[in-house]
Structure formats: structure tokens, C-alpha cells
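Two complexes follow with chain A in common, the first pairing it with chain B and the second with chain C.
Up next is the complex of A and B:
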């Protein structure tokens, strides 16, 4: 899928570029004239020299972007949905005529669930392939690894995952929710609707759950006047939750608040069920289980739990119906669509609209034009890019059903402003 | 093993091999590759330090360590701590609740710099720590085990457990270590911006220089009396012990040496790649490093360097061309090497190429077991069974 001529270490690439440049020279008038006379779409497209002043991979007919996710390794199961959504969006955009009259071509690289590999591949995409934008990354660790690369080589990353916040970059558009967007409204809801006063916080041990729980604890104690009856973290991949489940049984919290990720989820919910904790009586609110995870956990083990996200596959609006139908048509009837998959789908669209607003592919112009971009056809409803490069979005709470889908029981009436550096929560 | 009339620790063919490698790394690759690819080679070469340590430790002394990532990581983290402190000036971190401490500490509600971070403000201390900290750690581990005559497979398993323990420790103590994200966003070394292309090129040459120096050290150790005792120990440990040598001390020494070499690689890695994370400490990278050595030839100092370069280059180019299938290709390569060329590339060279190049490069067949490696070749004859196989 990636351009193979860059792989050889044998040849000097400078020399190769020179040769390619010489070879391409006679083609320039041909391309220009064919553009003028044959395809009307191209005739409307602005000249490449005008929309690309920084040497990105943009030709008169094509623009190249990168897709950088793990398709191998432990994260592949989560990131595959994002890759699928991004490819779908690119296909749809191409079917509508592309971006500034240019078809999108993508180069896919595998981050292999390994953070340094992500950094290496990001560099390859930016330096070697000169891609105009990159849709990619999933875990915070991979984003942290590529961020300096994007800032150094001035690339543009569309990052889809809900994450801990505490970050803002000119070179990243965060299409998922930052922590406060995901947490606060959900806690308010559980406090009001379920009478949640005491909370037991459980998370996997890394930056996202810890930051999220820090925010949750402050909100519970300061704003809701509730109390935290326990807070525990487990290593990634941990599968023995019996001790914490016993503690939960002893302390009897109103709400179990969970941010357990990945494969640990399967063990956690199965053991909860085996220990006799009935989720229809014990309120459980999680910020880490989407339709994708339920696939692994099993609908019967997770039914009646509440999940706090901005998107559910079952959302009832015309945009989402079209999106779900197109997604299933491209990737099969059995695929499920989780929160992050939807956020990944937004990436190429937001980029296209930003490029068209800026009238240019140049990264600096896109970074500037991003603020205020609105996407009315988003499956989650309507989104808008904030000047801090995060999205305005709604918070929704879904109740898990036996079939692995969610019934939306609550949604904030207004879009919530993204606030990656929340005052009073640090 | 010894050649008569040799006074210098390098045999002519060793010297030629080193010169060829030096020319390749210092002249040919920098001219042939663009900056971007050259930086990759620089990164690969940092693993070559580990492979070099493994040749001494595993190939010659017969101690198979599956935990070299621990030392690579310790060296890398020492360097990363220094760079992170420099990048966390009060000015750079003024948006934090506590300015002047690394960003991840601030995210974890830590309000002052932990005591063990303090010394890493000094570059001199850091340089020393890169070499000494892993050596001390290796000494403790090695002393505890070799004195009790723990060896072979048991030693390999314990080193693997160490790699797992250290990973869990680093991930668990994320307020002090950066957790699973590692220590990221490193910027300057003593005020010198390490992120620019020119800095990366300089670092590449520094890395090659250090590697060549380490290769010379390895040859020196190998050709010394110490080296011969190591080989003897590998082949017949009891006989060496009965001859009055303190076997454990020799083992501890070579294990510490391999640890320090790995740590230098780790520090150079941090400088060139710009971050350090627990993903270089764990079991998987540690085993990968053993694979580099095996592919290159574990009895050949230079073979291990070429093996590291080859495997990493294959990894990069396979994964660029076939993002969804590349792991299978790489797996196939390893199986092929192990099945067809058990002595790695170096064995291939020694069997098929060197004999055609004349007496300078090939040994005449000898009945005795030969253990000295020829660059970039290793013995063709019957290979002594390594104690830890």
C-alpha cells in the first residue's frame, strides 16, 4: 500500500529525486493541457503552486494523506475500527470530487502497537512522503511519541480517541473528547438520576484513567458533595479483579465508576457478574466501554451498565443512519461502530472542510483556519472545532443492552465546550 | 585460537573487518542515504551496542541473558531524565500547577522533584550514571546468582523476570517515571537542540564513533587472557573452576560489561529518537535483541552488528510495504535463519565466502574447536556447545 520506491537503502534518494524531477519535466505541459481540455473538475481546481507552497505531496490531480494506526499488536483490535472509518470517509470524499478538485490518496503505515514505531512512521510520512495530513494514533502514549515529530516537521494530525486533555498543539486536531467533556456531565447525570453519592473509582494504570479519575474525584467531592469510597488502579492487561470486587461488596458504593481498558475489561465484567453483582441493581458507569469492547466482553456480561460517550451506534438521527449503513456496506454487516470509530470518521471530513476554507493545503493555513469549522453531517450530530483545536461535542449516557448496543438515556442539551486545561481540576 | 607471532590484540583480518565497517558507517551510508534514512541507521546502531554485549556475554561466556532491555532501558532513562529536566525549565512549564518539574509529574499531582531526580541536573553525573548504574545493577544480579552457581536456562529465566519486573515498576510509578508513555518531548542537550537534522547527523557520527570504540574494547577482551578464560568457562566450567579460577567473578565481570555496553546504546537511543519508554525495557525487546545477535552470528563481534542492521532494516522496509502482513515476513526470516544458518550471517560468510578470499580471511581447517571469530565471520568448524543453549 505504501510507495515501495522509498524503501530501498541502496540508492541515494537525492539522486533519485533529481532523476524523477528530470523525468517529470516533459510531463508538466501535458498534465496542464489535459487539465484544461479534458476534465472540467480539474479546470476548476486551483493551481497546485497556489494551494501548496510548502512542498507537500499535492499534484494537480491528487493529494496524499497518511493513515497511522496499529494494525498489528495488542492495539490492533481497537484501532482497526478507526482505520476503517478513515478509509470510508476518504472514499466518500473522493466520490464527491475530492478536496480542492484533487482525489485523496492515502499511505497506510503500521504503528505496530509500539510507541517508537509510531514516531518512526510519523517521521516517514512527514519527511519522506510529505503527506498533507495524517489521520492516526489511538493511545495517549503513541500520541505523545509522535507529537514532537509533528511539531518539528510541521505536520497535521487528526487524533480520534477520547483522552486525558492537558495538551494542545497547533499540529493536532483532537476529534475525540477531552476528559472534562466525557466526565462531568455523566457524573452530574448519575448523581441526579440515580442518586449517586458514593463512588468507587477503578481504572487501568496509565495516564488517561489517572487523569480522568483525578477530575472525577474533584467533581464528586467539590461539586456534587459526594464521597469517593475507594480508588484503585491495575496494570494494563490485568485479569484478577477479585480483591477489588470484594472491597466493592463491602463498601457498597452507590456507583462503580470504571475506566478499565482493553483486554482487562473482559475479565473485570465477567468477574463482577460471577461475584453476584447485578448491574441492574448496582449502578455502574464507565468511560471506557464502547460497542467495540462489548464485542469482547459479551453483551450478557455488560447489560444494564451505563457508558458515557459522545457517540453510540444506536443514535437516532439521519446522519448516523447514513453513516452506519455506509460503514456496514463497506466493512460487513457484523461490524460494530464505537465512539472512537466515529471520531476517526470525522478526521478526513474536518480536514477537507478546513482545506477548502483555507483555500490551501499548507499546514500553517490549515492550523489557522481550523477554528470555527462546522460539520453538520457528523454522525454524532453536529460538531465544531474550537480555537483550542478540540471539538465542541455533546455528552451522552447509554445503557447497555443484551445485544451489545446502547440505549441512549441521556444527552446534554447543548454542545460542551472543550477545556483541555480545566481550572480547579488539576 | 591464538596465532603465533601476534603481539597486537587485533589480527590483520579483524582490523580489515573493522576498517570495512567503519568505512561503511562513516562514509558510504552517510553519502548514500538521505538524512531521514540515516537517522534510522543511527537508531538501529544503538541496538548494535546491545548485540555487541550479547556476543561477549552469550557467544563467548555462554551466559544467555534475556533481559538486556533492562540495561538498555536504564541507560536510556538516565539520559532521558537529564534531558527532561533540561526541557522542564520554569519558563517551558509555566502552565503547570507546579512549574519547573517534568510535565508528567505535574499530571500526577507531584509537587516537588523527587530526590533521585536531583543529581540528573548535572551532565557529568548523568554520563557517569549511564555506564555505572546499569553496571551496579548487573553486579548485584550477577553476584547474587553466579555465586550460587545459578546458570544456563535458570539464569535466562531470571533475567527475563527482571525485565518484566522493571517494566511493571516503571509503568506503576508513573508519577516518577512517566509510566507507559515514557519520558517524552526531550529537546536540548546542554542547550544544544537535539531535534534538528544537523544535530541528528552529529549524533549519528558520535554513535558510530562510540560503537567502534566499543567494538575495539570487545576485541580486546576477547583476545586477552580473560577472553580465553571466558571461552573455557563456557565449554567446561568445572575444569576452569578446578584449575583454581573464581568462575563466578569472571561471569559477573562479563555480565556487567555487557550491561554497560547496552546502556551506552540506550543513552544514544534516547538522544537520537528523543524519548524513552518502558517498551524498550520489557521482555519482547530483550528477546528481539537476542534475535539480532543470533541472526548476525553470536560468535562474531562484527556479525552481530551486521545482524542488527539487517533485521532492523528488514523490519522497517517490510512494514512500510506490507503494513498488515509484515510480521509474518519477519517471522519467516527468523525461522529461515535458525533452520538454515544456525551460525547466522557470520557463519554463512565463513563457510561460503571467506574460503574463496584467500588465507587472510579463512582459517585452515583445524580439528580443534575454534572459538575466536573472524570479522565479519565466525568459526566454520564444529561450534562448541554454548553452556546456555
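Up next is the complex of A and C:
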């Protein structure tokens, strides 16, 4: 956006009031021709009645959105970054003049890492606060809990986490990757570059790792001609991995493929290191460790492992440089930015662009207008919303460094089409 | 399952697996000791046990930062100092909690459960507000990381050895304290008959406070040691609490020997089953086994007679 647009939007509401007040005055042609009131401003700040036909919380000067994440409880570890990114995006959008001439105001609710609470707060945001969109949720469980609420009360959810797929809704935009986007390219890479033929799959025991591993196993066996030498799941919060590490030592797989999450993640890598498994010799590819997790694991315990994500903080492009600088300026020099944090940052932007394309805050119009929305300023590069409400995105493999950052060693040449219901992988 | 491996590979794997079981045993025992003292000697079910452990872990984190920034030359020994600090920090908090809360609830054991659970929530949120919701990475001195190669395949984890040594030292110290010192005699007297103990001049309130402090202090040391193998975050304590209670209840609440035996049984069962079956299945079978044994023997493995 140009800076002249910024100015015109900032003053648009005063201007509109003025215009309404002077509409009956005969002097209007003189004033209008003086150049004080330019017509584009009128087009960018259309009347509330025109852009909001369903009674959302939209006034002449403000539009309210909801932020729904856990800031207390187990998941606060992961969701804090998402909240920070969404607030940053909202602040930046407001600094540029807002959406359709309206400043974004947010109401933040705490899902408290408890799925029924998520559903309750989602209902509160949609029914009481009448928010125009919600940026929120992190775990699949919380998304599954709020989905019926969003469908019943016709809300719009921007969901940031990479997840297992097998879902598509008019009321959700998935800004993270679905499983096949994240998994297949990474497996192809490790097969080609590292000669990975045998894989040891290890994950936490819930829907995301299990679905992901199912896809991975099918791909390894059918497409890569490799073999799965072991597949193991551990309860969430499991802290003792010595037995499985012994099994890994015994089977000597080419690749350890890991999707362990939460506190278990830290325990797994610390014990792997302690057991003398040298990640510079033993290839390990994970789909569950971002810069956020490395903070807790410790860079020295995770160095040389490979992580497969769509975004790394170290990505070298101008969009990302600006984003990282702005994020650190707002939240402190020491914060790190992981894949989901970046995906959460996309939410408000994609919503803003969709609203502007649709020329309306109405949920139905946004749901329809979403397909084809392009965001060229995304820190991960260019993204585009697919008609199935997922994003086209690239997949990258990063090698962990001692300082907790990733060195990007591979990037898919093209954007990968999101395929939440992959044929042949279910 | 093993047909494709050579005999030497198999024997070394079994050695490593045996060692893994012993590490798990030490970890379980170390988590459970503090709780066993409090539960066994005082009948208080301390639901905030995990949070006392995490206090120890945070103390370790801050000690490591302090040494890194101000006295890096002594970084290699900071862990010992951190453990001592963790003991006193968690112990002091424990004594404060006993004085403020627990002592008013001795006659209502079920309420202590609720109160300490509330305390655990308060502490979690306190850690989250003060230290941030994210996990912190505790850096270890380099000599504590990695493993000692015994043969080509068999490797012994240094941090495993460390936890084992620590567990043995603390268990012996607790046993000596309880069964050889005059303070231990007082504690046992209070457990067996509180009124009589008071009548012969034992300050039962003071004994209670120090017992609770000791239990919490040991939890702090355990938390400090577990920074080597696990995560340090506001809710990390919850990761240990189920296993801890399992060990204490299964062992019979009032017996140190019971706690040791129970930690050994559960850890060996779990570690063996994890090797032959899968992770989740091992956990299910362990829990199932404990449930069945407790149905047959509700008092736990070992029990001492107490006059109520």
C-alpha cells in the first residue's frame, strides 16, 4: 500500500461524517472540487450497513476480532507465540489504516488448554461479542471442539497449526500445512539426499502423530520402496525413552522419523544425546520441532537433526527479515519464531485481504472470496488460499544448528497443493 | 524378533536394556522419595509434589545462568551447588506451605488433597507468570553429557549414572535420618501415636514442619536432577506426578523399603515391556498390573502397623 492511501484511510471516518453532514448543503460542489475529499477514500470506507449485513461487531471506525488461544495450562508453551504473532499482525494492519477503513480491535480469550473451554469461549466470542473473525486454536483437539460452534453460529476461524488433514470447513481457513504437504517432500528429500531406506517412526500417542505416521509409512513403503523398521507411540508426557532408544540402536535405521510433542520432546532428545546417538551420523528427521521447541530442548541436544517445516526463522528473504525485526522489536530480542508462529501471523493478513476483496465483513462472502487470495508479503514467501481453504505453500528442510536456529538445506521448487483428503494415504 | 541379530549384539543390547531399567528405577525412586516421606509419615497427599520438583528445576536453571554469566570458570561444578540450593528453596517453600496451610488441615486428610491440588495450580500459574510459559533449556556442563563406551555397542549414559548415584546417596541419607537419628525417632513416634508423642515432650508441630520441608526439599533435588533428562516448564511437574503416586501407593505408603521395592518392580516391568511391546502398551499393562495387585492388596506391597 502506498503512503497516500494510509493517510486517506486514517482520516476517512471524519471525512465520512463531514460528508454526511454537508450532504444537504448547496456548497458541496465547491468543497468537493477543492480536493480535500477524494473519491477513492469513500470507496475504501464504505458504510457499515453495506459491509456488515449480519450484525457483526463492526462500527464506522472499528471492527472486532477474537483471539482464542491457551495462555494458561500445558499448551501455553506453544500458543504464546501464536498470540504474539497475531497481535503483531493486527498492529501492523492498523498502522496501515485497518480493514475497509476500520481499525481492528481484538478481544482475547483464554482456552486454558482445555477443549470444552475452547468451545465455550468460541461461543462467547461469536454470540456475545459478534466478532468478525477469530484467530485461534492450536491443537487439533481444540479445533475439533470449536468446529461445530463455528459452523452453527457461522463464524470464521483462522487456524495456524500444521495438522493431520482430513478436515475441510467453510468456516475455517487453515494457515498451517496439512500432513501430506509437510511429510511427503521431506521423506523424498531424506530418501534422495541421505539414502534413507529404513525408517524408525516414533511419535506421541494421539491423532496428529498417528495420522502423520500412517501417511509416512504408506509413502515409504509404496513410493520410496523403503521399509519401516519400527513404529512406536508414547503417551503424552512420557519422559523415559531409554528402552526405545535401545531398540533404535538395535535396529540401526537409516532415518529416525520423529513426531514427539510437548514435554516428551525435550526428554526424548536429551536422552538420545545422552545415549551416545550422534545426530551428525544418525539421520533424524522430525516434523514436530520448531525454533520454539529448541528453546526447551537446548540447541546442543538437537544440533544436526533435520526438521521439516514450511517456515524457519532463518529464511533469507526480505519479507522475513522485516517480519523477524518487527517481531523482535515488539516482543523482545530473545524471542524465537517457529513455524506455527509465522502461520498465525498470516491469519489477520489473509482475513484483511479477503474482506477487502469481498468488500464485506459477512462470513458467507468471506468464505467464498477466500479462494485465490494471494499474500505476497508472507514471511515464508508467497502463499495463496486454495478453494479447499488450505494454503499453497513450499516445504523446507532445515538442519538444526548449535544456536537453536535452522540452516535451510532444502526447499521444494514449487508451491505444494494442499490435499487434506489424500487418496492412497488413508 | 531376534533371529537376525548376532549373539554378541543381543547380549550387549540386554546389558543396555538392564541398565536402562536401573536408570528408570533410580528416576522413579528419586521422584517418589519426597512424596513417600510426606504421605507416609504425615498422611498428607501432596498433589503439588510435581511443582516442588519444578521449583528445583528452575533454581538449577538460574544457577546455571548465574555461573555462565558471572563465574564461567566454575561452570563444570555448578550442578552440585544448584542441587543444594534447590533443596533449600523447595524445603523452605514446603515449610512455609505447611505453616500457612497444611497444619490447619491435619484432621481433614481429604481436604489436604484438595488444598495441595489448588496449590499446584497456583504454583503453575506463578511459574508461568514469572518465568514465562515456554520451557527453558538448562545447559549442562560438558562432562555430564554423552556416554561412556564400555564396548563397541554398549554405552553407559553419564547422566544415568549420575541420577543413580544421587538416588543411592539420598536414599541412604533418608534411611539413616529416619532410623538412626534422634530426629527420625521423633518422626516415627509422631507417626505411630501423635498424642503420646506430644505427651512425652516431642514438639509434634515442629516435627511435622520439618518432615514436610524435608519431603519438599528432596522433591526439589529430584527436580534439579531431572533437568538432565526432561523438560523445565511451568507444567512439567505434571509429567511426573502420576508415576510418583503410582510408586508410593503401590509400595505401601508408610514404608521406605516398600517405596524402593515398588519403584524397582514398576520400572523393571515398564522398561522390559517397552522393549518387547510398544510404548503405550507398556504403560497400559503396567497400570493394569498395579490396579490388579492393589485390588488384591489394597495396603500396598509393604505395610507397617500404626495405631490410629
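Note that the second predicted complex is superposed on the first by the 382 of 426 C-alpha atoms of A that agree within 3 Å, B and C clash if a C-alpha of one lies under 4 Å from a C-alpha of the other, contacts with A are read in each partner's own complex, and residues count from 1 in each chain.
Criterion: a contact is a pair of C-beta atoms (placed from the backbone, for glycine too) under 8 Å apart; a residue touches a chain by one contact, two chains touch by 3 or more.
Quick caveat, the model's predicted, so the values are computed rather than measured.
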Which superposed partner A:270 touches (first chain B, second chain C, both, neither): second
Which superposed partner A:91 touches (first chain B, second chain C, both, neither): neither
Which superposed partner A:250 touches (first chain B, second chain C, both, neither): second
Contacts of A:232 with chain B and chain C, given as first, second, both or neither: second
Touching partner for A:297 - first (chain B), second (chain C), both, neither: second
Which of chain B and chain C A:242 touches, first, second, both or neither: second
First (chain B), second (chain C), both or neither touched by A:77: second
Touching partner for A:207 - first (chain B), second (chain C), both, neither: first
First, second, both or neither for A:364, with chain B first and chain C second: neither
Intersection of chain A interface sets (partners chain B, chain C): 71-72, 205, 235
Complex interface listing, chain A residues touching chain C: 71-74, 76-77, 80, 205, 231-235, 237-240, 242-247, 249-250, 263-267, 270-271, 273-276, 292, 294-300
Complex contact set, residues of chain C against chain A: 5, 9, 13, 16-17, 20, 23-24, 27, 125, 128, 132-139, 145-147, 149, 153, 155, 157-160, 226, 228-236, 238-240, 270-272, 274-275, 278-280, 282-283
Chain A-facing residues of chain B, complex: 31-34, 36-37, 39-40, 43, 95, 97, 103-104, 106-109, 168, 171-172, 174, 179-182, 184-186, 195, 273-275, 277, 279-280, 313, 316-317, 319-324, 326-327
Touching residues (chain side chain A, partner chain B) in the complex: 1-2, 4, 6-14, 71-72, 108-110, 112, 114-117, 119-121, 123-124, 127-128, 140-141, 144-145, 147-148, 152, 164, 166, 205-207, 210-211, 214, 235-236, 421, 426
